[in-house]
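Quick one: this structure, given as structure tokens, is what I'll be asking you about.
Chain naming follows the written order as A, B, C and D, and within any one chain the residues start at number 1.
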Amino acid sequence: MTRLDETASGVFVIAVTPFRADGAVDFQSVDRMVDFYLGVGATGLTVLGMMGEAPKLTAEESRDVVRRVLARVDGRVPVVVGVSSPGFAQMRALSDAVMGDGAAAVMVAPPASLATDAQIVTYYHGVAEELGDTPFVLQDYPLVTKVQIAPSVILKIVEDLPSCVMLKHEDWPGLAKISTLRAASDAGARRISILCGNGGLFLPEEMGRGADGAMTGFAYPEMMVGVCRHHAAGEPGRARDLFDAYLPLARLEQQPGIGLAIRKHILARRGVIADASLRRPGAKLSAADIAEVETLIARQEKRLGEIG
Amino acid sequence: MTRLDETASGVFVIAVTPFRADGAVDFQSVDRMVDFYLGVGATGLTVLGMMGEAPKLTAEESRDVVRRVLARVDGRVPVVVGVSSPGFAQMRALSDAVMGDGAAAVMVAPPASLATDAQIVTYYHGVAEELGDTPFVLQDYPLVTKVQIAPSVILKIVEDLPSCVMLKHEDWPGLAKISTLRAASDAGARRISILCGNGGLFLPEEMGRGADGAMTGFAYPEMMVGVCRHHAAGEPGRARDLFDAYLPLARLEQQPGIGLAIRKHILARRGVIADASLRRPGAKLSAADIAEVETLIARQEKRLGEIG
Amino acid sequence: MTRLDETASGVFVIAVTPFRADGAVDFQSVDRMVDFYLGVGATGLTVLGMMGEAPKLTAEESRDVVRRVLARVDGRVPVVVGVSSPGFAQMRALSDAVMGDGAAAVMVAPPASLATDAQIVTYYHGVAEELGDTPFVLQDYPLVTKVQIAPSVILKIVEDLPSCVMLKHEDWPGLAKISTLRAASDAGARRISILCGNGGLFLPEEMGRGADGAMTGFAYPEMMVGVCRHHAAGEPGRARDLFDAYLPLARLEQQPGIGLAIRKHILARRGVIADASLRRPGAKLSAADIAEVETLIARQEKRLGEIG
Amino acid sequence: MTRLDETASGVFVIAVTPFRADGAVDFQSVDRMVDFYLGVGATGLTVLGMMGEAPKLTAEESRDVVRRVLARVDGRVPVVVGVSSPGFAQMRALSDAVMGDGAAAVMVAPPASLATDAQIVTYYHGVAEELGDTPFVLQDYPLVTKVQIAPSVILKIVEDLPSCVMLKHEDWPGLAKISTLRAASDAGARRISILCGNGGLFLPEEMGRGADGAMTGFAYPEMMVGVCRHHAAGEPGRARDLFDAYLPLARLEQQPGIGLAIRKHILARRGVIADASLRRPGAKLSAADIAEVETLIARQEKRLGEIG
């Protein structure tokens, strides 16, 4: 399998992990999900992310999910695997295993114990040493990790560690950070790929600032694909038209806690996964939640018809 | 001045505090801002809120700003004043002063030291005892206050403390909370007013769940006014049409930190306040930020034209 | 193996996990450590706790460490196993496994996502349902978990869930909580065991408030054993004499982050474990740190000689 | 009044603010407290600190307390005034006022919104610009401020801002930080004064690492004075003997929340202040709390007798 490098672009969908109603991993739905994501134009997949309920999987299940995804993808797009862990030993064990299985890169978020610039840089030095030549994605998601990573820290990591090939950008607010990083690469720093998260909620602006695409999991990944394509085609207005049509629903899905339940509900509704359940403990939707989602989907379809 | 009660509804705009470039309070802009807010249909105003840069005002300035607003409002709408403070003595001093000047109610957020249900209930008992018969608004904004207030805690406060007349609802996610509170009042609990924050970003859903309106500060308060009116007129679809037209910009303005700078930029651009500066220390917009705002305003105007 | 019940008392030592310099688990040291803890009078052991570097072990290592400890203990004292996990499936898998291997109970800390009283109670209902009739210890350590558990919440859990047999008490400040819980059991609530943490730093006061002992990991567990015994013998003054002699060192060891490195250094110095290393990433002691420890040990020995 | 400079050493006691039972500031007790602190050997005083309940004072009360302290001190020792504030305008207003009244320096803690190294450095640049040539103390207390300040950040502030003359060191763990800062000044960096907090709980080690003394508020400040003097006299063993005698009580007083109530209780018991009350909202001691304090005071007196 080709390894991920700094030129990655487009939409890496953060895959959900489908469960059956009894809580077991639903591997049939894994296959269908992979087909769906690739069918709408994903240029990559990311598994075992936070929105993949990775912390609720056993070590064996994690391996099995990754293998199933890799088998179904069959080399068509690169697959990134989240391997964040409190201990380097586990991180390396999982990383070595999934890279051996054919993953293209791993993704590592900083533990909440890190605070100062030096602590963060030191941590990623340790990560890179542990991972060897495996390419890794730096996950920058302060709302959840509680770790603020300054642009200068990212640049230092990029300078020191050649195996850091991508930033999963999910700071909020985070647009200025993209501009700063791109100004630095224009001035000679190594240019890594920047794919953005936050449910795609700022994707038009992120692309305008120099991002290379999205790595997030909105239940209509065709929105992100379309925005990226229109942007690449030099049509930011069309990108925004498309974005605006999906925004009301994307906004609802981006809520903490309940957002993943909405995402899985929509994916189940679209026939992508068989069951919308989160593994326990996890949020459940009320009738009112579902009615709101239905209203927004109906309006979204109408608006998509209008803009053509 | 009439005091606030449980029947309050519509849009209470969270007022910004206008400063001159040299950092002094700009009282001429305060007047213009009041005229603007009332002109677009605000049914109330809230001053010295978090988005009013209240913590950056001296005690004298706080008093002066409130007086200026009250004088300009001249009884046309109720004015709520934020009085949150680490000490009850200061809270009472400010509350007594502004109520004497003609405010309709005060607003109190919980200090970050509170964690358990009992601690929160006890705190508001202390607040109510301190404030006497002054009506107060319970501010529920966990993203900033770090205090999660359960629906049962709100209901306990409402039951115990008759002077609690309104919830400023700003939990995220928070829609289920509104449903729970309204189910409780349907079942016999005292029904207080619920006005919603979060920059208006969930206003259609919040109204659908039983909220009475908005208390927030988006730079186009006419959006919130329109959504509330259409909703009250039984036209939720029209409410959503209007909401969707403003959503791309509302989303940008709702970002933490930089959001207030965007809001003041737009208010200055609209001629409401003379200068967009935040008091130091405060965020500043870059050229890229401003360009994004301009793009969104142009698209917003176009879309508003389309929906009529 | 006998299961843990509400009558447990004395000192359950929080076991470290010994590693070799190359990072592998050192099972020979596990044996020696068990012998040491039981030799100084431990009435129980707790493995896979936070101070056992549990999050840095793989699932297989966790199982192996527990089995080795159980084999060496050979039924002489009850062994509690930490099974906290983001997902119930993993929690149950580990719990069932270790109970099958002969553990006496499991211990569960609340995830940081819990805030309100109801969320905490609901979470432990889910835990108890998942664990079946396995006795569990409620771990209350807000400094690390970020979850404040009110006494009323503990009492509700105790009332609702018969399988909750012990509180690992580690709130700070936490003395009033013990008094409240004991007053409740005096008034008829089910009385569970309360063993205290915080490195033993408040043990005399905790015993005075009604605690049944300690569950913590100070490198001189004989201090906790002695304090509990003197207290049980009605000699709180002697308990304090002993406590005071160890306090300067206990204070140093109770520092966050570096504290575990101090603990393992002392255990290695005492010949209990072969190597003081923490698994990566983990703190390391400087020469100055070690010199301070040496000074305090020398003074401690002198003082112990004086008090007899 | 002489201004504070980098040579400051000894014990700057963090003054409490005495209140009467009705909540008013007790100025008679302020006088008595100043006499007491200076009588036991304080080389400076710090007012309006976190443990001085400063956030619960009105602006007028703050000014009045500072003036009363300054009048009573009458130039005998330098007085530092806490001026931390969300806004620079207030900070400067208070700083200018108290410096005009005769204070020796001001103290500024970082707001919780700061995270990255650059944000902290930029903030203190803003502070220094605002304060002009007023000497300031950098307060480093992450447990409360939630801001972790790396040694390199402190050194950058010291290098850039000549008006930064002292570090109030209160990190936990924090001993390595002192060593790092002293190694840097040995290597040529400007050497500023380092006075340590944390209730004096690590004072012997802090002095051994190169601190210049203490800035904290334990109710027996003679302990800190004695430790510093013995240390300066080259008798660290005597310093530790004294320290150990007070440690059991210092430990109890260092608890968050309730600690200040214990401190004021002891000061009232010693006749220093008339009333032990905290201003509302504030912690209250139970009978059990007081009994524990009494036990520890009795044992402390006995032990002090033994060591001579």
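Definition applied: contacts are C-beta pairs under 8 Å (C-beta built on N, C-alpha and C of every residue); 3 or more make two chains touch, one makes a residue touch a chain.
Note that the coordinates shown come from a computational prediction; the quantities given were computed from them, not determined experimentally.
Among the remaining chains, those touching chain A as well as chain B are C, D.
Farthest chain from chain B (centres taken as the mean of C-alpha atoms): C. Over half of the residue numbers at the chain B-chain C interface are used by both copies of the sequence. Note on chain placement: the centre of chain B and the centre of chain D lie 38 Å apart, centres being C-alpha means.
The distance from the centre of chain A to the centre of chain D, with each centre set as the mean of the Cα atoms, comes to 47 Å. The distance from the centre of chain C to the centre of chain D, each centre being the mean of the chain's C-alpha atoms, comes to 34 Å. Residue numbers of chain A whose C-beta contacts span two or more other chains: 257.
For chain B in complex with chain A, the touching residues are 172-173, 175-176, 179, 201-202, 205, 208-209, 240, 243-244, 247-248, 251-252, 255-259, 286, 288-289, 292, 295, 299, 303.
Taken together, the chain A residues at the contact with chain D in this complex read 115-119, 142, 148-150, 152-153.
Residue ranges on chain A touching chain C, taken from their complex, read 23, 53, 55-60, 85-90, 93, 113, 123, 126, 130, 257, 279-281.
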